[in-house]
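First chain written, first letter: the chains are A, B, C, D and E, and each begins at residue 1.
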Amino acid sequence: MNLALDILTIVAVSLGAIFFLAGTVGLLRFPDTLTRLHALTKADNLGLGLVVLGLLPQVSAPLAALGLLAVWLLALLSGATVGQLLAGTASAPDQDRAETPARHAGASHD
Amino acid sequence: MDSSSLLVSPFTSLIELGGLLLVIPLMLPVIGLLLALMLGGRFLGRFMLLLLLLGLIAALAVATAVLTGGDALLYHLGGWAPPLGVALKADGLSAILLLVSAVVILAVGIYAQRDFRVPPGAPETRASLVFWMLLMGVWAGLNAAFLGQDLFTLFVALELLTFSAVPLVALDGRAETLAAALRYLLFALLGSVLYLLGAVLFYGTYATLDIALLAERIAGAPSLPPPIVAAAALMTVGLLAKTALFPLHLWLPPAHAGAPPAASAILSALVVKASFFLILRIWFDVLPGALNPMTAQILGALGAGAILFGNLIALRQARLKLLIAYSTVAQIGYLFLIFPLAASAESLALTGGMLQVVSHACAKAAMFMAAGLLAGTLGHDRIRDLGGSIRVLPITVLAFGLAGLSLIGIQPSGGYLTKTLLTAAVDGTGQWWWGLVMQAGGLLTAAYLFWVLGHALSGPPSGQVVARPGRAQELVVLALALAALLLGLLPPALFDLVGVGRAGLDASAAVSTAMAGAFGWSKLWGDVWPILVVGLLVLGMLPWPDRQANASERLAATTSSVTGHWAAALGAILERADRGLRKWPVAGLSLLVLALALAAAIATGS
Amino acid sequence: MTSALVVDAALALLVLGLALWVISTRAAYSAVVGFVAYGLLMAIVWVRLAAVDVAMTEAALGTGLTGLLLLGAAARLAPYEAAEVSSRPGRGLRMLIGLLCAAIALGLAAVVLMLPDPAPTLALLVAENLPPTGVGNPVTGVLLAHRAIDTLLESVVLIPALIGVWSVAADPAWGGRPGSLPRPQSGSALTLLAQVLPPFGILIGIHLVWNGADDPGGKFQGATVLAAMWILVLIAGLREPPAVRDQRLRVLLVIGALVFIGIGVAGIWLADAFLAYPEGYAKPLILAIEAVLTLSIALTLGLLLAGPPANDHRSGGRS
Amino acid sequence: MNGPTLFGLCGAALVGLGLYGLICQPGALRKILAFNLIGSGVFLLFGVIAKRGGGALSAAGLGVDGDPVPQALIITGLVVAFAATSIAVALLLRLAEISGRSTLERAGSGSHSPTHERAPAPERAA
Amino acid sequence: MTEFLLGAAAFVLGTVALGLIRLLRGPGHADRMLAAQLLGTGGVAALLLLGVATGVGAIVEVALLLALLAAFASVAFVSGIHRPDGLGTASGTEHAAPGSSDENKRDTP
């Protein structure tokens, strides 16, 4: 039983870590802000979820387990909202105006 | 003893509180700060005045208790003894500073009633609420800094002081004063963070932040451990930045000159003294044995630089408030002469230093407030256009002059006594060069005071009167100036206060030896004639009424003929040097160099 | 323990890298974003240093509130930034300063290595003297009993800071509502977040204060979370910030410190010392102080972010 | 080398970096950031000292992990640093708003010099 | 198991650190913020792993706080990014200061 739980932990946490890696790769390789955003929000929420799932068998107190779940829910909620807000910024009709100073600053840096 | 019972009787019930008495000066301003926000409104100024009076009584009680008890008052907050808890202590030095702050802040409080009253019809104004609250904040920070015995509590006190002092600078909301306030804040924050770093290293080495315990443990160590060397250097430099000792004075002139007069008075008279006081605490209480000659000479040299440089630049100022601000830069320098002199003449040097703190606090507050009255009445503070202001504001100009006499160091002022004591210490240690610096400083001070007074006395009023000052304002300024001037006449027994709480420091004996024969006509003449010469020189450069028409050409001509081209050239060079030194990166560089130099000096000596 | 060391080394490198970024990047906005990330990492560092209370404060203050404050400032200052380059010190001066800073850092590093071993500590003394305070969290014990004066002064320090922020207001705007927060957004996502998150946040905040007596947490952490939730509601436009002249607001701002002082003064008679607690009543009194202080501190922190009073209507701009 | 020592060295480096930024970066906002970095480095050193103190005890089997006194002081310090940052930001924003600059020194001309006010003002020659 | 969890924490931290390259490259503020957000989530994951590995329960609360305030910081970012352009607000009067907000305008005077 214990062994099975440990294996579950190892598998889930490893999978979660891989999702984080995927998210990072997506962030680095995808061509524009919008696609990066979508890759990132999916990957990191899944990654965090898997890590939480993997850790659940390792905590004994039910309250601690609840805390873990709460962390994930919170991250999901804020991730979704922020994603939508950012997407709104990036795809707003006057996006060019919004992004101009940013682009300028970035370009002058690179 | 009759006299001592007379001294004690009004405060008997307070003195019986013992150490608990210290909680009153600590908490009274804090409560004032909190209540001020709650009450606000039109009558805030009156209410604050009441608190200031109570604070003065408490400070008097503390001083009386310390003096008559002959020992420092000690109190463990919450009943927890250090190292776990935090102690409050009032030794002689704290008592003196508590008292002088209470006096000066009360005077400023009276003065500010008029400047910061709420116009009829308005429920409250920004300037009024902000000024009174921050005045309380400054007072709370000062008292906490004077009483705290824990390095971290002192850090919080310093921050309280800084956060209260900085917005006062920008009270009028102009771009220049905002920039000055920001510059002050950032440099002061750099100072506090370095101070905190030092405190951290102290804790890492001895697991306590209590001054007495640290002193005990450090005295027990065979040599200064490296972290303590670093801590001493960092804390000293951090506090120097907050004290605005030359060459770290970049923030002081614009900040002190730009603030409203009542605020300038507090900033110049008291705020910079708090960080100086902590430097004293570190070198004389935490690390009493570690002040080696090289470190002391470095601090003394900076002080000497401040005296010469500050006074020379003051001489070149066109605006009265800036002149006074640079005079503060110079006067801070005297405080640092006590480090090299304390090596063999600790009681003389410390007593002289404390006298300088007190007399400069009174004199400088009086001068800034007098300048404020002049500016308020004439609508400007350009020195060249002060002509005839003596006829408009006789009391104010008189007060300005009297306060100036104390700065120059003429009998019987506090400044004179300071110089006498420091000179005695110079003679005792054989370090004649500091005596030379003091003499030069006195003459330069005389020069710019004559310059200002000459303008104020001569000529017809050159402008319209914008507003009349309040009679109470003029009188309070005069009172402060008189206090500075008459400080030297205090009974020598009162100087015992300096030595209370520090072993082997018999202040009044040293003082009375030094004072023997200090007062007298021949001595007075010996001091006065060089000043008169300087005065004549300056008066020769003034635009007298009959030549008013082409005064500036005359001035240029006299300047070049009397003092020669080289003086003007030197002035210009110094001014450029000052502008360079006060650039942020250069000041930062000076700070880094100083930190490293101090660390090296402390390390080689230990 | 090697993998623990790997974690530490990774953290230290990341922290340093981000600090380097914050110092060296050209645009202030990117530097601030880097600083927010830096704060996040510092929270993890504090956990690694067994300072969970500090980690919470860093997460709440360092990342959250400081992030909002600086991001807002960077956005508003962006138009003026281009002019900054011209007042940069010359290359030689910069190199000299860099060398001296490096010397100081190296000196400090050497000092760190020379700190006494075994390290002196007060941990044992605190542990011995914790029972009379009635609390189980030693950090809370130190903050509210052994060194109560620091905490008191520190909650007082926030008031002049707030007055300092308010003092830059234009005279006609005095008494009005703070106007530095971002204008309310009409986006539904933000409104939703501002409706859903605060209940969670308030719960967490209260939990932190309540639990802070015995477990990590306490008034600063709790107050910061409450302040953040309040600001969120304000940004979403669900509520208006209170006017500076509001009498109730002013009472609430100072009530925490006043209650603290009041209980401290009562201690003179009841427990023989200022800021001492009578035997057996220490814990309830500490909890009472923490509860009131949390309210005052949360309000103060929120208002520090909300900025100086502007003309009464927030979208009316200020002239 | 152990974790706390590593972080101690990191703290020293942060102080150095922050000092450089505070002195050399012209923008006031950057100076504020740099001040926060120095502060953070100092707190980190303090945290390392707390951890070392606790480590010595837990090695003795007392089950204490970290000296609570520095930890309490760090919390106080963090709040004070936040207050300092907020004042600085308020002053800076107002300065930029009314004068259009975000630096301490006037661009080009160096520090704000009192000599600018030295020019005599003859309009009062009555 | 402890070693595994610590190793996983180190891995996650390393990965998200890699993501910080996006912080360097930008090009827009939004991209930089994405990198910071990834760091936030990854940091929370690493914290949870560390907490369970070392058995300190309160670390979960730190993670909770971090998640909460990282969301808050992102909101701050999103609402802050509008401001130089006055986007999303009816009036841009606040920035009537010299040079307004437009890059091109600033060069002309």
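Assume contacts are C-beta pairs under 8 Å (C-beta built on N, C-alpha and C of every residue); 3 or more make two chains touch, one makes a residue touch a chain.
No experiment lies behind these values; they were computed from the predicted model shown.
Least step count on the touch graph, subunit C to subunit E: 1.
Ranked by how close its mean Cα position lies to the mean of all protein Cα atoms, the top chain is D. Chain geometry summary: the mean Cα position of subunit B and that of subunit D are 26 Å apart. The geometric centre of subunit A is 12 Å away from that of subunit E, both derived from CA atoms.
Distance from the subunit A centre to the subunit B centre is 57 Å, each centre being the mean of its Cα atoms. Centre-to-centre separation of subunit B and subunit C, using mean CA positions: 33 Å. The residues of subunit B that reach two or more other chains are 84, 152, 156, 159, 163, 166-167, 170, 173, 178, 197, 201, 204, 207, 585, 588-589, 592, listed in rising order. Counting partners per residue, subunit E has 26, 29, 33, 35, 61, 64, 68, 70-71, 75, 78, 81-82, 84, 97, 99, 101 as the residues that reach two or more other chains. Contact of a single residue of subunit C with at least two other chains is seen at positions 4, 11, 29-30, 48, 50, 65, 74, 76, 78, 80, 89, 94, 97, 101, 104, 108, 111, 115, 119-122, 126, 146-147, 150, 154, 157, 161, 164, 168, 187, 190, 193, 197, 200. Interface residues of subunit E, counted against subunit A in their complex, comprise 1, 4-5, 8, 11-12, 15-16, 18-19, 21-22, 25-31, 33-35, 37-38, 41-42, 44-45, 48-49, 52, 57, 60-61, 63-64, 67-68, 70-71, 74-75, 78, 81-82, 84-85, 87, 101, 103. The residues of subunit C lying in touch with subunit E in their complex are 3-4, 6-7, 10-11, 13-14, 17-18, 21, 29-30, 33-34, 36-37, 40-41, 43-44, 47-48, 50, 52, 55-56, 59-60, 63-65, 67-68, 71-72, 74-76, 78-80, 82, 182-183, 185-187, 190, 193, 197, 200-201, 204, 208, 215-217, 221, 224-225, 228, 231-232, 235, 315-319.
Across the interface of their complex, subunit C is touched by residues 70, 74, 77-78, 80-81, 84-85, 88, 101-102, 105-106, 108-109 of subunit A. Here subunit B touches subunit C in the complex through residues 20, 23, 27, 30-31, 33-35, 37-38, 40, 75-80, 83-86, 123-127, 129-130, 133-134, 137, 140, 144, 150, 152-153, 156-157, 159-160, 163-164, 166-167, 170-171, 173, 178, 197, 201, 204-208, 225-227, 230, 585-586, 588-589, 592-593, 595-596, 599, going by the rule given at the top. Across the complex, subunit A is touched by residues 25-27, 29-30, 78, 187, 189-190, 192-193, 196-197, 200 of subunit C.
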